[in-house]
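Mind having a look at this structure? Questions to follow.
We call the chains A, B, C and D, going by the order they appear; numbering starts again at 1 in every chain.
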Amino acid sequence: MQLICPDRPGLVNRLSGWIASHDGNIRHADHHRDEGAGMFLSRLEWDLNGFSLDREEIHKQILQLANNLGGKAQLNFSDEIPRVAIFVSKQSHCLIDLLWRVNNQEMKMIVPVVISNHRDLQNICKQYNVDYKYLPANNLDKSFVEKDILNTLNEYKIDLIVLAKYMQILSPNFINQFPNIINIHHSFLPAFKGAKPYHRAWERGVKLIGATAHYVTQDLDDGPIIDQTIVHISHRDEVEDLIRKGRDTERLALARALRFHLRRQVMVYQGRTAIFD
Amino acid sequence: MQLICPDRPGLVNRLSGWIASHDGNIRHADHHRDEGAGMFLSRLEWDLNGFSLDREEIHKQILQLANNLGGKAQLNFSDEIPRVAIFVSKQSHCLIDLLWRVNNQEMKMIVPVVISNHRDLQNICKQYNVDYKYLPANNLDKSFVEKDILNTLNEYKIDLIVLAKYMQILSPNFINQFPNIINIHHSFLPAFKGAKPYHRAWERGVKLIGATAHYVTQDLDDGPIIDQTIVHISHRDEVEDLIRKGRDTERLALARALRFHLRRQVMVYQGRTAIFD
Amino acid sequence: MQLICPDRPGLVNRLSGWIASHDGNIRHADHHRDEGAGMFLSRLEWDLNGFSLDREEIHKQILQLANNLGGKAQLNFSDEIPRVAIFVSKQSHCLIDLLWRVNNQEMKMIVPVVISNHRDLQNICKQYNVDYKYLPANNLDKSFVEKDILNTLNEYKIDLIVLAKYMQILSPNFINQFPNIINIHHSFLPAFKGAKPYHRAWERGVKLIGATAHYVTQDLDDGPIIDQTIVHISHRDEVEDLIRKGRDTERLALARALRFHLRRQVMVYQGRTAIFD
Amino acid sequence: MQLICPDRPGLVNRLSGWIASHDGNIRHADHHRDEGAGMFLSRLEWDLNGFSLDREEIHKQILQLANNLGGKAQLNFSDEIPRVAIFVSKQSHCLIDLLWRVNNQEMKMIVPVVISNHRDLQNICKQYNVDYKYLPANNLDKSFVEKDILNTLNEYKIDLIVLAKYMQILSPNFINQFPNIINIHHSFLPAFKGAKPYHRAWERGVKLIGATAHYVTQDLDDGPIIDQTIVHISHRDEVEDLIRKGRDTERLALARALRFHLRRQVMVYQGRTAIFD
């Protein structure tokens, strides 16, 4: 359970008291006061085994609790495994990395479908027994393809979209309808927002490049950052070397961020994230 | 308050319940289950303001609680600032760094005295208004100088020793009498234990060197590790370059470790540490 | 061309003079004086286009030059692409990573065959159209299987072996007969040589773990180090987390080291390497 | 000697030929082709001992050589030690770090004077026997104080200015008259250019912060980058923690960059730097 509310005295006591009063055994408890923002964040994990309330009742009481505190709560049951759609274009490195991690039991998620505006990565999905929907981009009118995408998400009962080097921009309207999206951006945000970050990094002559995994919001590349990784470069690196080195750091940032998300270790508030690792 | 005990259900509830029942408002709570070791670790910070027990009574009840749980507890009051003796030989980088951090309010500690087997760093201490005890080493019989050291620690009411490049080995007997010691070792332990780690790192041809801040135990260089830092090296680096680069990473590892210790974020168990940052 | 010889005045002049006198245009020149070892290392790359000597004659003259200088030279033509056999056991992460990099043109090598003491990774190789030789280990007598391996290397005209998590120890006799081997060891050498490094790292309570890619010599885990990578760990990480985090850093160290090797950027001398990147 | 010119065949031969023809023994030679920019960069170091030309003649011939190649050359004699003025405001960490490194023979430079718009760091300079010029800022008209600064630079025969947390912006006119300036900016440029980078990094919720040492040009924070360092942060870090962690990474980036500069390992071209380390 994750709770965010304005800070005030006694919040830890109140939360742990509620769990104890229903015979819950707390497995993990992590609290954080963001003094700059005046917010209190709490992440609690407890055994349902022996707990005196059923899932529906837990849900109801927690929403009420959050309401009373003027905050918001999110409840997850660890036996509910998220269904994830991975979006790709032509580059394979993040896709292969994620599918391998799922196969290798590093990541608790089900990937029933990969959606792409190109046919290039179809074979990889076949090898991993994942459906592949080829939905080519139409730059004149996004609304048709986005409708197809939404239908596909619906059909596969998708909980989360991962943009694993999907080189299309989703419309604000789409994000409104399906707001649960993680993206990997190939720069150390907020540096080099937008297109061709490696070319611009090379031109600027930076000594480190990075990758940023973030939640997607209406403001392009401005969503809450989950994880960032960097790699050293030198004057000997041409743009294609930046792109090559970038791939290694991109797949790592995305995998780390997604893992945090899947383990419900990420809390979003005021455009930022807290990572309870 | 820090508590370590064998893991069992209900421990979080029990601890937070005890605090709540005496009207304590929990400010920070961090718990950890070490499944490999079967241990439960808890770090709790609460306001004494309004708490229904006085310091003495808190002490008594917490010791009893720990006892009941078959564990150990440590209690600190945040208004009690540790008195630290820094031990040095000839190298100044860690000493200057620490004194500057104290002056700059980065570290909550009082440094009334620096102890050294050389006179080289006396002037630096004068600049920072810190007493300097020159206690030259006697390699034939350590016991005399160690007696002098213990007297000095006593005289200055020292809580903690920091070995900031003190190039003498303290005897097991000394460590027995004053066990609260942090050391900085100039290698990435357990690699290159013992003498001349940079020379041996150069000979071995490693591509990274490191520094390790650890608690001192009877087993040389085998005490619980608090922090480790590393720095890249290349074939262009000679031994003196390793030593130079090493200084930067040594002072950082020591400062980070000491800060964790001073904020009571370190818990030691089974030869390892948990850092509640 | 790579040359290693005892240092003396005028070596750079002599080498570049020889190339210039045969109308060679130097593309890259990198020299290094290892003062600690008293050695001079040089790496020169020049266009054969317009060069007045043929390949055979170049070979002859360079060997003679090296001989005169009391050193050793190695000559490579950039249009000769090495044939590499990858050895694996059950873990797939390094294998998939390398095959993907070859496919993605990151690495100039041909992988005609994968050799394994298990059948687990056969399917992956099929997907990449790479032959798979299942040669089960015989712990009583390695000599039979090693003979089979040598025959396979011969049959596929292999230039280099990459041990990509091959959990068998090759005999000194084998290494003698085929000395061109790169291994990935799952620790930050020289820490945790030998078996189960992650378990021992966890027990020791280190705060960083690493991986080391090195050339294999008769002395187990003591060969010249090519690359090392590290990753941070905390007390929250159990042994299986170290293993998981370790996989990411292992595949990176191996890929980086192999890339250096394939681009002939590595020079080995006195048990160490110089990396001309 | 550093040379930058448009790339063409035979440049390495030509340079090393010129040195050899005057009996020079090349100690270090490093060349780089920047294919993206179509430029050739060369750094050559040779013994003057036994060289057949005197300093004046070397200067003349090298300028002519560079001219013929349509490029630019820079000549330094390693026995000429740069005279550096350090500019500070109220923060001491970079100043103390640099003065300590000079004292410790890590940096070959002479610091005859520190210039500041505040009196705070006067005592530190006294301890290191460095003159301190208090030249308070006048925000209405910079020209007067900048005239005083230029006079001071002249008086102390300064070769290089290091802005070590000098919280004033130098006018384009000043930079025009004294263009040899290194600055430390407290962000990972080009992210968070301008004022209060740590506050903005905290608000944006980045997971890494950095520092950038760069040459100062007319375009604020857009000069050629010499070195960048980073440090991890978490949601637990408030703005003051970013500032504290930032200090450690700032002083490191500045010291590394300055060392590269002093060893003449930095070449600037097209707004970027090549570091021949």
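Please note the rule applied: contacts are C-beta pairs under 8 Å (C-beta built on N, C-alpha and C of every residue); 3 or more make two chains touch, one makes a residue touch a chain.
These numbers come from a predicted model, not from an experiment.
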Of A-D and B-D, whichever chain pair has more C-beta contact pairs: A-D
Chain of greatest Cα-centre distance to chain D: A
Computed distance of Cα centres, chain D from chain A, in Å: 41
Computed distance of Cα centres, chain D from chain B, in Å: 37
In chain C, residues with contacts to at least two other chains: 234, 236
Graph class of chain-chain contacts, one of line, ring, star, complete, other: complete
Residues of chain B that touch chain C when the two form their complex: 32, 34-36, 41, 188-192, 202-208, 210, 224-228, 230, 234-236, 238-239, 271-275
Chain C partner contacts - residues on chain A that touch it in the complex: 92-93, 96, 100, 104, 106, 127, 234, 236, 244, 248, 252, 255, 277
Residues on chain D engaged by chain C in the complex (per definition of touch): 9-10, 12-13, 16-17, 19-20, 24-31, 33, 47
